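Note that the chains take the letters A, B and C in the order they are written out, and that residue 1 is the start of every chain.
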Amino acid sequence: MGVGIEVRGLNAWYGKNQSLKSIDMTVPANHVTAVIGPSGCGKSTFVRCLNRMHETIPEARAEGSVKVGQMDVYGGGSDPVEVRRRIGMVFQKPNPFPTMSIYDNVAAGLKLNGFRNRKQMDALVERSLKLSALWEEVKDNLHKKSGASLSGGQQQRLCIARALAVEPEVLLMDEPASALDPISTSKIEELIFQLKQHYTVVIVTHNMQQAARVAELTGFFLMGSLIEFDKTEKIFTAPADKRTEDYVTGRFG
Amino acid sequence: MRSRFQQGLDELKEKLLRMGGLAEQAIDRATEAYRTRDSKFCQMVLTGEAAINDAEREIDELALDLLAMQQPMAVDLRFILAVLKINADLERVGDQAVNIAQRVLDLISEPEVPLPVDIPRMADGVSTMVQRALESFLDGKAEVAEAVLQMDGIVDRMKDEAFVNLVQKMHDDPACTRQALDVLLIARNLERIADHATNIAEDVIFWVRGADVRHGGAHYRE
Amino acid sequence: MSNDLPSSTSQQVNLWRRITNWGATGFAVLAAILVILPLLAIFIYLVIKGIGSVNISFLTQTPKPPGELGGGMANGIVGTGMILAVASVIGIPLGIGSGIYLAEYGRNRFGDLIRFTADVLNGVPSIVVGITVYSLIVIRQKHFSAFSGGVALGIMMIPTVARATEEMLLMVPNVVREAAYGLGIPKWRTTLSISLRTASAGVITGCMLAFARVAGETAPLLFTAFGNQFWNLKLNQPTAALSLQVYTYAISPYDDWHKQAWAGSLILIVLIVGAVAAVRITTSRGRLKGA
């Protein structure tokens, strides 16, 4: 089951540039929340701050409070590696590990964190591949085919399975379908809709129609600030802020 | 802003206003027919209906295309939805004008009798409502639309009064039952037109404010 | 475009284009052939000159004293193997380690310094390396040894392995590392199990290059392994090496020994090529469908 995310006063910088300004947001558990906004508005930065991926970039830092369930992500004793184990991430361009088989790809997070039990690993791999709707297509070639030999849409589902295998509570997706064709995209969207039963999903997208299709809540970012955060239907039929309206109607961005 | 889309929206607005003009013209001609008892005005209303129906078709098609091709959101989406509904209301207004013209034709074929109803006055009020509603659409002014909503009550009262008076007249003077009935129906047609004008005003408010004010309440999205 | 030109001009243009294309292709093919030719020439020459002297006794016996016919370079073959083993144990881990540092942690001034040092080390003449190891190890230990020979060759392997490792690691796309971080895999683990694994083909090639290069070195071994007439399997004793023996035999006045020098050279080349091929075959077996 997923957990909620409480963000209070989140600020982030790349070197001297402040890319996030005092963000407050409450992401409810087991919902899909979309983050939209024009290029450079900070939406990807925001999501990467949730699992402390932001700081892997040299000269990047973040401050503020992010609580994922009971876990205080930026708290005193918090270990970024541990945080990232409990929050899964799927990236824009599918990035399966190139030299590994399908099985090894999905199990990578488990194996490389010391997991040993073979039978349990098999079960987890199968479960993850089923959750990401890839099992039927690959179950006969788990160990023989490499992750990179799959099509784009399949690769992305493989990456989703890989993220799910370590049983995170939250799944972050940074424009997961932007590199895919329409049919793969709609499969991924269908998947996201299913996933929210088990996980809390936050998805960054520059495609407003996609946000409208998959998310229950939507946050609009502009120049590092969260302008409006509300039910998706409201944002797309009658947004409260003029800037939001200008963005969703395509008048800029 | 996507200029093709904006052009589409502008075209939609223009077409709808032109259709509104045709509808207003139909009301005026029907009223004139009643006042002058000249059947040529009735003919004009009857032949003018085709243009109104064509306009309705065109507007529906254009709106559908814009929805499919441009994926409008928020205010643009509300605008197109409002246009589709106003389109339907205006076509019904045209139909009501035709009904009035047909009643007038019938009246002309009967001897003229004095009746306790001021149809031209009622028609003026109704015509004003339609005019104001279309103005509010042209300017995107919700306040003007709200004024139209207020006027509906007046027209309703006028219709009720007319009913009472005409029923009484039919009772008192059975010879002019036919004429009285015609005028009763005309009053009802006019009241219907007023309702359509009210609908148009409500649609404008929905478009401009994102509030659903139909059926008497103001319902904003939470 | 060619519709706008009159047809005769467009024909001329087309013809010129085709000629240039052929010319460039031909030049590329010629260059490739010219590269292979010297290698083929050497190999064929070696075979012609040396194959006659390669026989069982050559491959199994130690050298006989000058004047006596027969004998072989068996101890040299074994000795080369020992020395190269020591060299690999020193050169490959240190080389890969520095390569990892340079790629993953050393994108800064200190890293630049290391890179520069490695390039300089690469250019140090092999005899200078030999003399240095001589004074650092041989003199201290007061004896020549296979070990010191391995150290000298190992030092020479390091820069090639390090640079190859660095280049190959840099070619691993960063998104792959990010995927690993996103799974909560710590950086060191990511580097070893993901980045290095992805870059493994190139890293192995780098090691093979370094190996092949030092396998034939003679000068560094002159003062370290020193050579040995007899069998030696101990690392801390002077040891025979094929390259040393070829050198000794080649500058000797004996015909018989000249023939054996040819044979020794041929065997050396065959062993090096064999080792590289063996590594290539075994590593490609592990490759997956589509990888």
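In this text, a contact is a pair of C-beta atoms (placed from the backbone, for glycine too) under 8 Å apart; a residue touches a chain by one contact, two chains touch by 3 or more.
None of these values were measured; they are calculated from a predicted model.
Engineer: Stepping chain to touching chain, what's the minimum from chain A to chain B?
Structural biologist: Counted as steps through touching chains, the separation is 1.
Engineer: Which chain has its C-alpha centre closest to the mean of all protein C-alpha atoms shown?
Structural biologist: Chain nearest the overall C-alpha centroid, as shown: A.
Engineer: Taking CA centroids for every chain, report which one is farthest away from chain B.
Structural biologist: C
Engineer: Could you state the distance in Å from the CA-based centre of chain A to that of chain B?
Structural biologist: Chain centres of chain A and chain B, defined by C-alpha means, are spaced 52 Å apart.
Engineer: In whole angstrom, what separates the CA-based centres of chain B and chain C?
Structural biologist: That pair's centroid distance is 92 Å.
Engineer: At what distance in angstrom does the C-alpha mean of chain C lie from that of chain A?
Structural biologist: Inter-chain centre distance comes to 46 Å.
Engineer: Per the contact definition, I'd like the list of chain C residues that touch chain A in the complex.
Structural biologist: It is residues 173, 175-176, 178-186, 189-190, 193-194, 197-198, 200, 287-291 of chain C that touch chain A.
Engineer: Quick check: in the complex, which residue numbers of chain A touch chain B?
Structural biologist: 208-209, 212, 231, 233-239, 244-245, 248-251
Engineer: So in the complex, the part of chain B that touches chain A is made up of which residues?
Structural biologist: That would be residues 1-2, 5, 71-78, 210, 220-222 of chain B.
Engineer: Which part of chain A faces chain C closely enough to touch in the complex?
Structural biologist: Residue positions touching the partner: 51, 53, 56, 81-86, 88-89, 91, 93, 95-101, 108-109, 112-113, 141, 144-146, 148-149, 159, 162-163, 166.
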